[in-house]
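Dropping the structures in below, format is C-alpha cells.
After this come two complexes, each holding chain A, first together with chain B and then together with chain C.
Right, the complex of A and B next:
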C-alpha cells in the first residue's frame, strides 16, 4: 500500500463495496485470465497512437474495466514545466494555485510541485487517473503536448475487440508488438 | 385479514425503521471514515524572487561597420504598426527551390525576439546565455556583424526560450523591454546607455507568465509602455528618462503579452492597449483614459495586439478559445464609446500569438490549433467577420500561426519550422507564389522585419537576412 493510500484510508462501506466488487472480479478475472492467456499468446497488444488521439473522452467510459485501462502518461522531456500548465489548470482558473476549483482533472490525479523559479513539475497519480483525457486535450491544444493517453498493460485485458478501439472516433487504436507495447511521445523528441 | 393489515401497516415499517437505525448505527460507528484529500491552494514551495538592480548597462564595441543602406522597419510591425511594408523596392514573386539567397546569418540566444531596422542598422534584444543577461545588439544590415551591444545581467531561465519583445528605434534612441520587465533606453548610434526603468520595482508590474513580450513604442520622443501595475501606462522622455505622464490603473489590470498600438480617431491620437481585464484607449497628449471596454479579455494570456481597421474600428483577437471581436469607436454625449460590431468564435478566427494584418479592407491571419478543420490555415476575413477564403488543408502554418507580414502586395508567412511561404495578399483567393525551407526551426515564431528587399527572419536560435528583391 502506497503512502497516499495509507493516508486516504477506507470506510467500512467502501470495504464492503469493494468486497462485493472483488467477488465479481474474481469471476471476471477467471474469465479474463483465459482471455489474456489466449490473446497474449499472439504477438500484439492494443495501444493508442498519441498523434492520432483527439482526447474525446471515450477512453474513460468505453473500456470494459472501471476505471479504464487507459491512463495519462507524461513525457517529461517534452514538458515546458510551466507555472500555468494547460493540462493541470482550467482554461480560466480563478487563481494559479492547486485549489480544486482551478484544476482540470476531475479526480485530482495530477500533482503539482515547485522545482525552482520559474519551473513546476506535474506528475500523474495513476491510481487516481481514469483516462478521461481532459488534461491531454488542454496540454495538446495550448501546451507542448507532453500529456497523452496510453493503454496500461498491467491492467489491460487485451480484449480481442477493444471496446474503446471500436468507439474511437480518431482511429487512434492499433495493435503493436507485445515486446514494445507503448507508443511514447518522448521517443520522438 | 386484520393480521395481514397489521403486518403490512405496522410490523413492516417498524422492521424497516429498525433495520435502518441498525444500519445507520453500524455506518456511523463503523470505523474511521475516508480521509478526503483536500485540494486546497496549499503552498507549493515557490519562493518570491529577490529583485536586483540591473542598470546601468555595459557597452561592448564589436567589429561590425556601419554601411549605407536606407532601411526602415523601426518598431514592432513596422513604420505604421500594421505589419505592412511601406518600402517601394520591387520584390521577387518566385524563388529558387532552395529559397531566396541568404545574405548573412547570426547565432542568437534562445527566444522569439524580432529585430527592427533603421538605416543600415539592425537592433535586437537578445539573451546572452553565457553572460546571463539581456543584450541589445546592434548589427550591420549589410553583413550581420555586430557593431555594438549593450547588456545588463539578469538571470532568466529559459521558459520556451528567453528573448521576447521587439525594440523601438528612432534616429536618436532605441528602447527595449526585457523578458523580466526591464526597460532600457540607449543612444541608437553609439549604444551609450541613457536610462533604465525596472517596471517591477518601480511600478509594481508583474512579469507575465512566460515572460514579458510587450514591445515598447517611441512616439514623438516619448517612450510609451504599459507596466499595468501601480500605473496602467506611462510616457517617458527618451532624452532625459523623466516620466511625463502616468495613467492610473483603476481596475488593477495586469500586463499582458500584447503591445500598445497608436490610433488616430476624430482628430485625437490615442494608445490602445489590451490589458488583462479589458481594452483601453489612452490620450497621447496627457495619458488620460479616453475610453475603456471590459467586454474583451483573453483568458490566460493575451498576446496579439489591437489591429486598427479604419473608420474607428479595432479588431481584437486572442487564443484560448477567445475568438475575435470588432469594436468601433463612437462619440456619445461628448464621450468616446467603444461599440462591439461582432464577435466570432475561434472556429471562424482567433490567433493565440501573432497579430493579424488589416490590409485594404480585409483582415489576414493564421487560425489557431483549436479551429477544427480549418486549424492553422491562413485566412482572409471581411470586415463583418466572415471568412472570405482559407488556405486549405495542404497549407497549414503551425499551431502558433505565422509570423506574417505584407510587402509589395504579397504575404510572407512562416510556419513554426522555418518554412517560408509567399502568397498574394488579395481577397480573391489563396494564391501561393513560392515556398522554401529557409531556417532549420523549431519555433520560428518571431516577428519578421523587411527593409529595402532584405527580409530578416529567425527561429529559436538563428537569425538570417534573405534577399527577396526582384532580379
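Right, the complex of A and C next:
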C-alpha cells in the first residue's frame, strides 16, 4: 500500500461499509428516481438478475448503445474489502499495488482506496466501464461476488426487444417494475 | 444489308427496338441491384447474431482466463473417488464421521445418518437449518445452527444453547472430551464451551499483547479441528493460514500462504474446510478453485485428493471428514452428495 493510499484512507471500516453501501444505493436511487419520473405506474424496464448472469461478455457488445448501457456495480455490503481483490487484480499480479500492469479491468475502470489495514474500498468509474464482466468473473470466482452487472437506467433506451436480452445465454434479463429498476446483490429480490 | 430484329421481324434500328433494348438494359441493372441488395441482406443476416451464439467477440484482454489453475497435475493426485452417497437434501451444509464410521450430514432441516456403506440409517429432524455439526464419542450430535448450538444426545432430551447474538454465523463445531469448540464466523471468534453449554474461553480474537493478529473473516467460513496434545486448529481464511491454539487461546504456531498454485491457498479467503489427521497431517478444502489437498504435520503440501476438475465451477462450501480407514469424505454442496475418496494403490 502506498503512503498516498494510506493518507486517503478512513479509519472506521464500519463507517465505510455502511456509508458506502448507502452511497451505492443513493447513486442507483438517483438514476431510478429519474426513471420513475419518466415512467407510468405499471411500466417495466429491463434488468439483469445477478444470480443468473454468468458474465459472458455479451452485455458489452450486444447493446444498441456504444458503450453499453450495462455497467459493473459494486455491492459494498457484500464486499470483503480484500487487499488482494480478485475483481481488481490480475490472477497473478506482479505486485499488490494499483499499478496498471497489475489491474484486471482492461479499461482501468476500477478505483481502489485504502480504508484501514488490511481493508480497501473499490469503486467503478462508469465513464470507463463497458460492462464486459471480466471483474465480475474474477470477484465471483475468488471473492465474495460483490461486483455484478446492471442495466443503468440513466442511459438505457428500454428497447422493446432488448438486444442483449435476446443474446443472453443465461436468460438473465427480465422485466422489472420501473419503480424498482435494480436487482441488487445482498438485497433479497 | 439491314440488320433485322429476328424475334420481332422489324429492322434492328427501328426506334421501337432501340427503346425496348434500352428498357431491357435498365431491367438488367435493376435486377443486378436487387440481387446485390438481397445478397447484402443475406450477408448481414448471416453475420448478425441476435441470439448471441457467436459469443461477445471481445478481445482476449477481456477474457478472464483461469484455465491454467483449473488443471491439476495427475502425478499429484493420490486419491480416487470410490463411492458416492446421494443425500436427498436440497441444501447440504456440514459433514462429520461418528462411531463405526457412520456419516452424519447436515442439510435442509435435518441431520441424515448413513452407515459406512452409504445406507440411510436414520434422520434427526430440526426446527431450522443446520450449518455444521460434530459427533462426540458418546454419540451426541452437536449441531451448529446459525446463531447457537443444539445438542442431540442418543437417548436423552435435546438441549438448545443460548444465542450468540444477531451477528453470529456459526460455521463449525468440534468436540474433544469435555470441550466443544464453536467457530462463530460472524463475530470472528471461536468459543470454547463445556458440554453443558457454558462458555469457558474465547479464541482467535486480535490481541497485541499475545501476538495474535486475530481471525480475518471476509466470508463466513472459519473451520475448527481438534489435533493431538490439546491443540485446536483454526482456519484463518483472510490470512490464508491454519493456526494452532491452546485450548486457552494462546497462539502456538501457524502454516499456509496465499497462492493460486497447488501448494498454497487461493483467492481472497481460504481454506474453508479443515480436518486434522491422526498422523498429525491435515486435509483442507478451498473455494474459488475448489480443491481438496493433504498437508503434512508441518503444513507442507503432500498431495491432492481432488482438484478443480472434480467439482462444478463455482463450488463453494465443501466440507470434509475422515473415517477410521483414512478415507476422505467430501460433502459436495453442488452435487448435494457425499463423495468418498480413498488413497490410490501404488500401481494405480
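The rule we apply is simple: the second predicted complex is superposed on the first by the 145 of 189 C-alpha atoms of A that agree within 3 Å, B and C clash if a C-alpha of one lies under 4 Å from a C-alpha of the other, contacts with A are read in each partner's own complex, and residues count from 1 in each chain.
Methods note: a residue touches a chain if its C-beta (ideal position, glycine included) is under 8 Å from a C-beta of that chain, and two chains touch if they have at least 3 such contacts.
All values derive from a computational prediction rather than experimental measurement.
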According to the stated criteria, A:113 is in contact with first (chain B), second (chain C), both, or neither; which is it?
first
When the two structures are overlaid on chain A, which partner does A:166 contact: first (chain B), second (chain C), both, or neither?
second
Determine, under the contact definition given at the top, whether A:58 touches first (chain B), second (chain C), both, or neither.
second
Examine A:92 and indicate which partner it touches, taking first as chain B and second as chain C; both and neither are also allowed.
both
Check whether A:80 is in contact with chain B, with chain C, with both or with neither, and answer first, second, both or neither.
both
Does chain B (first) or chain C (second) touch A:100, or do both, or does neither?
first
Shared contact residues on chain A for chain B and chain C?
80-82, 84, 86, 91-92, 118, 141-142
Residue ranges of chain B touching chain A (in the complex, touch as defined):
26-27, 30-37, 39-42, 44-47, 49, 157, 159-160, 209-210, 299-300, 319-321, 352, 369-370
Per the contact definition, I'd like the list of chain A residues that touch chain C in the complex.
55-58, 60-62, 80-82, 84-86, 91-92, 104, 106, 118, 132, 134, 137-138, 140-144, 163, 166-169
If you look only at chain C, which of its residues touch chain A in the complex?
49-52, 55-59, 61-66, 69, 216, 218-219, 238, 258, 260, 266-269, 288-289, 313-314
Quick check on the complex: what are the chain A residues that touch chain B?
4, 7-14, 80-84, 86, 91-92, 95-100, 102-103, 108, 112-114, 116-120, 141-142
